[in-house]
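Scrolling down, you'll hit the structures one after another.
In the two complexes that follow, chain A is the common piece, with chain B as its partner first and chain C second.
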Partner chain A sequence: MARTRELVAELRERLGGAAPQPPPAPLPRVPEPPVRVFPKRHEGSRYARETAAHTTALLGIGQVGTRYATDVVLQFQAELAVAHEAVATELPEDWAAKNGLLGLRSRVTHHREFLLRPDLGRRLDDLSLARLKMEAKHGVDVQPILADGLSAVACMQSGLELLASFTRACEARGLTVGTPVCARYARVWLEDEIGQTVKARVAAILLGERPGLGTGDGLSAYLVYEPAVGKTDGDRNMMSNIHARGTPPAVAGDRLAVLARAMVDQKRSGVSLELGHLVAELGDAASRHHRAPQVRERLVEVPT
Partner chain B sequence: MILEPLPPRILSVRRIPNADPALLLAYGADPARHRSLGLVTCDQDDPTYVALDEATKFAHVDVVFAKSFYAGAGHASGPLSGEILGVLAAADPDEIDAGLKALVRCLESDACFYGADEAKKTAVFPHVISSLGHYLSAAAGLKPGDSMAYLVAPPMEATIGFDMALKAADVRAAKIFPPPTETNFSAAWLTGSLAACEAAAVAFCEAVVRVAANPKGDVWGG
Partner chain C sequence: MRLAATIRNVVHTFGSLREVLAKANPPKSGDDLAGLSARSAVERVAARAVLAQVTLHELRQNPVVPYEQDELTRMVEHTLNEAAFRAVAHLTVGQFREWLLESTTTGEHIRSISAGLTPEMAAAVCKLMSNLDLMTVAAKCQVVVRANNTLGLPGRLSSRVQPNHPTDDVAGILYSMREGLSYGCGDAVIGVNPATDTAESTAEILTAIDAVLKKNAIPTQHCVLSHVTVQMRALDLGCPMDLMFQSLSGSEGGNRAFGISVALMDEAYDKMKRMGTARGPNFMYFETGQGSALSSAAHHGADQVTLEARCYGFARRYDPFLVNTVVGFIGPEYLEDGPQITRAGLEDHFMGKLLGLPMGCDACFTYHARMSQDELECLKVLLGAAGCTYLMSLPVGDDIMLNYQSTSYHDIPSVRRLLNKRPTPEFDAWVVERDIWDYEHNRPGENFGRPEAITPVRGNP
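What follows is the complex of A and B.
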């Protein structure tokens, strides 16, 4: 600002002009913006309040002026951070071996590539393919695959529990279960190549699902009959939200085993699979009874 | 005391929020894009050109009209005429207001002539624009954001000054306006790096002061 005035003042000094220059006119004052304090207004509707007690959805959160209240905004940001962190977490390379699983990996070489190149996450790398051919049981009914997917957090947290309950439930229904494998940097369609390689009748991939607000720990399971590279999503049956606040892993294992059994019996999967009579076979796992009201986990405390 | 600022006097600032299309056309605005006009008169033309350019950096305004009046502020047609009428045009009056604010701020605290002699009879304008707006850049055939030294003085002083400025720093002349101009001053627009423009402006200013102090130079043994 007013650089020319400085330059001219310096020149005047040099040329012997003694007296100081008059100061430039002061800049106009910018008025302070008015401060307005809005009281927090709670949602007045009784319906909204009571509904909010039965769901983790964001209902009846009130407002302050035309905006959300601070605690709501902070909670939202915290939940978003949980989701981001879940996506950013990587499955340690030795995690599979430590937990007694056959460790495989897709053609992806690093995490960023995993996020940007879904196509590479759908194929096994050469080493894994060779290992799978050598070490896995072939010709089984069900090939279970545990994988990181988009949330390694979920995989490490409840993956083993789901895998165990699924394996137990399958064996209880007379299905032979293949060598449990664990795939890194895996996308859903990786099950096609794994299942095809071990000649399984059903491939089941259990993997961390795309995190939502505050749920970085959700698992999904995708089952396909006669897995082969080239199968589409129309050939698959899936189950999502396998976590404590959704379907608990123990119950999910039973339901998935019923699904696998149905695939083997009907010799198909996906859109054409007949699901109508499966409820009867589920027994306890069908449980559609009342669940206690769900409460969103508070990640941020704001003094009121 | 030499090189004291001669502060420009803003003689009038007015706004036409919704100008008649015929008027818009007459003053070089485009009725399809412009609706509002902001007008300013001032008793110094070159600081006003700089301030109009400054306005284009702070608001979505176009300088559609800016012309100096013949023979300068000493021969003005009325008390508000001064030496120049500048017209900003914009799509709405708020943009005009923002532009005029920047313009007034520039005239009040930045761009001005300086007295090159004790009596303040010789005026010199050695102004450095660090980053051009889209008005002067287009007029000078430069790019917005370029640096430019905007140099003005009476014909004799200016001519010597331009030569000194061009030789003092790594600048080139974007445009030189030899006399007579409307106000009978001479002007030059030199461009180069910011540091070069500053050095050129200082050399120009010094030359103007020296010529003013010694008009007949060595030739007449002054």
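What follows is the complex of A and C.
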């Protein structure tokens, strides 16, 4: 005990006793750090300009210590907010009817359940199933389905345009198109039950895709031949990044119709669908899992 | 074996060890989805109380997927190190937890029993541990592996540069890679997830990366994460390949959905042993993640933590150079939010290390999971403190191809500096020579964050 008391006294003495900590030395005026702006490439390094031609990755952004410049932080947070907002936005219940579409809904009852129960998002609720049986055209070549998926924002922004261009392009290729429907809380595989119910030869679901940073407005499309509950991903063909900066909806609608036509002609879809002879017509959609590159937009602007 | 525990005069009984293991798990949305979770917090504790009394010997006799139905179960049973198993077989899971935590139990001790543990044992003890327990034990475990670099030495934290591109634009990939290297990242691997799963594309990317690494004498490894059969064809094309990659699942059915089996992986391993370009002796790279078996309905009523451990049981057959859990990648239906993703990252790292693997972690979230960037940054520091072998690294953590958020080129040097860690010794020598880091003052060097300092190869940037 005595030894501890001695040690404490010694230590206190060495650390300055009862005196307050000495004030820090005064610092002369801190110079303003260099401007680090994202992503005005012309203001960035030559490296940043060169990379911009090849990738949308956030390169050439410099660093402060080992961390990001303030401007980069703000851009990043804005992009994150856009993605989160897209996920959180719900499709209003009356949106389908207001836009002349047959409104359907999966077995999901609320948004959190939608995120946690993909199994429920793949099946129609009883009321929707009954409506579909009663009100939709049966035995068509193509059943188009617009849906919220993981971004209702994308669905509401460019869904109608994609649906219209896809429908027109299908009809131009001699395919009959079913009653346009719009599904809430929908996962990709919901197209199986819808297509099976109306006995369509091809089901095509156009839905908001899992957002990336700063991109909540992308749609994806998944097409399947002879839709039936139990089909897997290997049975489908898909196209992603359908938006103004990727593949614009008007172009995408045309390419998806080429896919639908090929499915009807070849009586199959997915891995075994032969697309080699259609590469020119299909463009990006020729690859089964194609992802178009994004374009990075500056999101935060402040007056200078 | 009577599986029951009493809490406040209520007797909780369980039908099988598999049920006990599942209900002892901390809450996970994936276990809810599979209908396996405890019905209440009290039942969860009761399951843990039962589990604490089960011996490791009993766990070996009760694999969560039956011997007759699953080749992984059979492979683990046939290759278990009997001497190592005998040293701990008599311990209950509760006692095993205490032995692992005991100050007198060293990393060396743990390593000497690793090969006698089945995945179910690692998963069981994991369920009795808090996050800090998991970190405390994992930090003791040292797993040192060698390809061109030596990974897993004390005081080291490595990273993968992940320069993915949505259309495999080789120039775009190389720009991102050079930037990552200039931040001192990439000593674990330069690993690209390709958009196009063809042998030609895999070979093209590997050849381009190889040229830049050679020109700049950068001591690291490269890998293109296409399907293992695609990489085998790429080897036939004569391209350089330091590491061979494959995603693993925790059951035979789960692996079938991934298009692989033990026999196929054996074949791939043999081919890589003959044709791979790293010095070795370790040259395989595996990724895992809780929920993969359930997503292909191949979970056999087992929980996702135990199935994850079984991936490590599979991985260990091939003495891999890298294993990492892509912890938040699959989505909120398996790990809902920040606490669940954080917990899973620490669990997976612990179980992998306990089973003797050089365990890394892709600390990440998708934008539809409820995890904040701040929570994700915390997880990176926790993993670093737990001795995690390596983390990923991307520009601002943003994967422009796979659309998810991971560790950034800036995060790696930040975590290293906080925890006083360095890259692998070989890579460290290069970092010092290129003046990327100034160790005298422990701060960025002249070329830190200057990709121009890494010389491009003519014809490619």
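Simple rule for what comes next: the second predicted complex is superposed on the first by the 233 of 304 C-alpha atoms of A that agree within 3 Å, B and C clash if a C-alpha of one lies under 4 Å from a C-alpha of the other, contacts with A are read in each partner's own complex, and residues count from 1 in each chain.
Just so it is clear, a contact is a pair of C-beta atoms (placed from the backbone, for glycine too) under 8 Å apart; a residue touches a chain by one contact, two chains touch by 3 or more.
Predicted model, so just to flag it, every value in this text is computed and none were measured.
When the shared chain is aligned, chain B comes close enough to touch A:Val8, but chain C does not. Looking at the shared chain after the overlay, A:Val87 reaches chain C, while chain B stays out of its contact range. When the two complexes are overlaid on their common chain A, residue A:Tyr47 makes contact with chain C while staying clear of chain B. Of the two partner chains, chain C is the only one touched by A:Val72; chain B is not. Of the two partner chains, chain C is the only one that A:Arg210 touches; chain B does not reach it.
Within the superposed three-chain model, A:Pro34 lies out of touch with both chain B and chain C [touch as defined at top].
Per the touch definition, chain A reaches chain B in the complex via residues 1-5, 7-12, 14-15, 17-19, 21-22, 24-28. On the side of chain C, the complex with chain A involves touching residues 29, 32-33, 163, 165-167, 169, 171-173, 175-176, 179, 183, 195-196, 331-333, 336, 366-368, 373, 394-396, 398, 400-401, 403, 405, 410, 413-414, 417, 443-444, 448-449, 451-452, 461. Residues of chain B that touch chain A in their complex: 1-5, 7, 105, 108-112, 114, 126-128, 130, 198, 201-202, 205-206, 209. Put simply, chain A touches chain C in their complex at residues 45, 47, 50-51, 54-63, 65-68, 72, 76-77, 79-80, 83-84, 86-87, 115-119, 150, 210-213, 241, 287, 289-294.
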